[in-house]
Amino acid sequence: MALLEAKGLTKTFGSVTAANDISVSIEEREVIGVIGANGAGKTTFVNMVTGYLKPSAGAILYQGEDITPLSPREITWRGICRSFQVPQVFSSISLSDNLLIALGVAEGERIPFWRPLRQPHLQYAADEIIARYELEQYRGQLVGLLPQGVRKLLDIAMAMAHRPRVILLDEPTSGVSVQEKFGIMDVVMGALHDTGVTVLFIEHDMEIIARFGSRVVAFAEGTIIADGSPQQVLDDPQVRRHVIGETLHRVPHGEEGASDA
Amino acid sequence: MLTLVAILVDGLVYSSWLFIVAVGLTLIFGVMKILNVAHGSLYAFGAYTAATLIGVYFDAGWPPLGSFALLLVAAVVVGLVLGLVLERGLLRFMYGRDEVIIVLVTYAVFLILEDVILLVWGTSPYFAFQPYSLLDNTSIGVLSFANYDLAMIGFAVVLGAGLWWAIQRTRWGKLLLAVIHDREMAQAMGINVTLVFTITFILGAMLGALGGAVTAPEISVAPGIGVEVIVVAFAVVVIGGMGSIPGAAIGALIVGLIRAAAVHLLPQVELFVIYGVMTLVLAFRPQGLFSRAEARKI
Amino acid sequence: MRADRSLLRVLVAFALLAAVGFALPDWAAFLLTLALAKGLVVLGLLVLWRTGLVSFGQALFYGTGGYAVGMLGLYLGVSDIVLLTVVATVLAAAVAALVGLLLARYRDIFFAMLSLAFSMILYGILVKTEALGSTDGFNVIQPTFFGYAPEGATMRLCIYLWTALLVVLAAFGVQRYLTSTMGNLAAAIRDNEIRVEYLGVSVVRVVWVKVIIAGALAGAGGAITAFAVGHVDPDAMTYWTVSGEFVFVTILSGTGNVIAPFVGALLFELIRSFAIQYSPYTWQMVLGTSLLLIILFLPNGLWSLVTRLGKQE
């Protein structure tokens, strides 16, 4: 039984079809890269899987359970978390407090209203995360003032506070300068790898896809047009046409189509 | 049967009053996203100014029928003066700030203006019944209605139609619609949004003052008349949809008829029925009956 | 955080409050009682404000508390102040729980308008209720204290001491709450509700709890005011201007600290009493102008001025 399975997911907004009959099966510990042009349906897919949008048709199964009607909150407790294209963090408090809150509410569904948030064990866990994601120098600063790359890391770190079995990263390096992209991905993927979490990440940079993904799924105009190893998918003519850009004959820097992921 | 007529006429009269009073508020909110608590003060200023002018007018012995023009004069003067002062002097520094903060600002203005009224006009009530009594009554069976009230229905209809025409059919109206839809885009297209804001606020202020002016001949114009009007106007605006003029008309109609029914059939609920409807609308369709729903953020 | 220092200040304040009550002349203690009662309501608004919500309808719960005290005294002859305050507070909390089911789903201006609407419904009902005196209201029974039935100045002093105790407990309670996980979620909800949901928290549920807390505090404030003033009527307890006043004091005090509401309320009562006496035609103007100045120049309320000066030392 697959860990997470989407079956025939379709989403229409009036006359616009954002997603059309999407079916994909995800196994434990996979690291899947998702590619596709803007508007191809990648974020819509993530929104549906995490309960933010309800599909017009189709279902999502997690460990065999139909989670389609569940809210984001319920799905989080089931073990699926996500990060956002635009990092969704708490701007008016410090980075450390952001993590404290995330860890604090991850402890249980009943939220303490008398016991202080600043418990040693929570602080310790937050410190661990800060170390793992290399955020030490930012810990006390107001998140609203932090650079985009740091906010993205925080967003991901907060999503991981629940120790999910599956994490969906929506463009973890978007808005980040080219020099920083690989650095951030190294930190993130390293941290995620240690926890054994199943990863699905949306990316536009083909190099990063090739480097970090063990499997690639390509979206175009609301449907999946390719699903396989990075080599297969990035060489696929349909993919090259719809996603990479037909006329450019672009190839990842370095060896043609190879990856050492 | 007679009760039905009474409810209908009373309802229409009250609806007309509500519309005249609330339309300025909804216009300002629609264009500028400002929920103007000081609208009640504008109403009061309109009433006091009208009462004063009427007093002077009749003392001077001018022909009685001309006094109706004074109501409009009062509204225009108050709207122009107060509108300019408030918008240019204070509100324009608040654009872009949180809606609730602006409500608090206009609440502060309301407090200030309440005392200005006391300082200018004192605490004794003013009376300006002349225009009201001039028009006499109409009888339907045993029911008697003041022609002034009936005229208000006509006035409200004309006002509503006039505003609708001005917004839908004139160039200025189209500029207004553009700003309502998308302020930034309108600005980017070269529309002088600052000017539109100022004119809109002055117009809204005039309409608020007009509400007070036309009411002056029917009441004892005394301190505090603006206080109650604010919440009633809020209710109508919320019910109809904040920023929608047809919404204000429908909202006024609904509230007016329901209140008239309550007065005649179930007086205990008369006061809270308007807020009950407001609550219901907020519960089921918070954007009001006529507003378009807002798009989601993510 | 300055939680421990605030707690210490609260304990010291109680000792001071009690002592002050004995030292002050009757009229001043009475003023202080009213101010502290008002401060309770504002404390509730502080909880909501931190969550990014402004209620224009706390008079609903304030009035519920006051009228509950009045009606229990009137119809059942109950007069024990502790019992009545507790019942009134619980009743106000129950109303808040009910109203909160709807209110918690709204934000910004809709939250403000809906809270206003609810309070005006109560106003409308009370004004039309002959049995409760309509707009005139009715007198509230004199409080007794576990059987002890003082009169005059002694009674007022007893009411004051009870108020001081409530205030200390409330301030301490809210302070604990604000440092708890749920309390810290206030800023989180204010900043990013979507993230909070994705962290597995029901935002509506948390806001609902905050509405109840604010409602309970307002109910307690209303109950005390009913005893202190000895009279309840719709205009003084449920009209929208009463709610407006509470919001005003919230802005005046700022929301940085659980003591600020009481200091702000006291300042407000003092200014209001003197202004009404010496300049009845301009005190609203003074209020309005102060509100404007604070919004424009001191967005964190007067308390921020105090802390600013404190830090410079």
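A, B and C label the chains in the order they appear, each numbered from 1.
The working rule: a contact is a pair of C-beta atoms (placed from the backbone, for glycine too) under 8 Å apart; a residue touches a chain by one contact, two chains touch by 3 or more.
Source: prediction; values computed, not measured.
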Of the other chains, whose C-alpha centre is the longest way from the centre of chain C? A
For which pair of chains is the number of C-beta contacts greatest? B-C
Per-chain Cα centroid nearest the overall protein Cα centroid belongs to chain C
Mean-CA-position distance for chain B and chain A (Å): 52
Chain centre separation in whole Å, for chain C relative to chain B (CA means): 32
Between chain A and chain C, tell me the centre distance in angstrom, where each centre is the average of that chain's C-alpha atoms. 45
Tell me, which residues of chain C touch at least two other chains? 194
For chain A, write out the residues touching at least two other chains, lowest number first. none
Would you please write down the residue numbers of chain B that are in contact with two or more other chains? 298
Considering only the defined contacts, which chain A positions touch chain C in the complex? 50, 71-73, 76-77, 81-82, 88-93, 97, 100-102, 104-106, 109, 111-118, 158-159, 161-162
Chain A contact footprint on chain C (complex, rising order): 1, 3, 176-177, 179-185, 187-188, 190-192, 194-195, 197-202, 206, 209
Where on chain B is chain C touching in the complex? 35, 90, 93, 98-101, 103-105, 107-116, 118-119, 227, 230-231, 234-235, 238, 267-276, 278-279, 282-283, 286, 297-298
Contact residues on chain C for chain B in the complex? 54, 102, 106, 108-110, 112-114, 116-118, 120-125, 127-129, 194, 240-241, 244, 247-248, 251, 281-285, 287-289, 291-292, 295-296
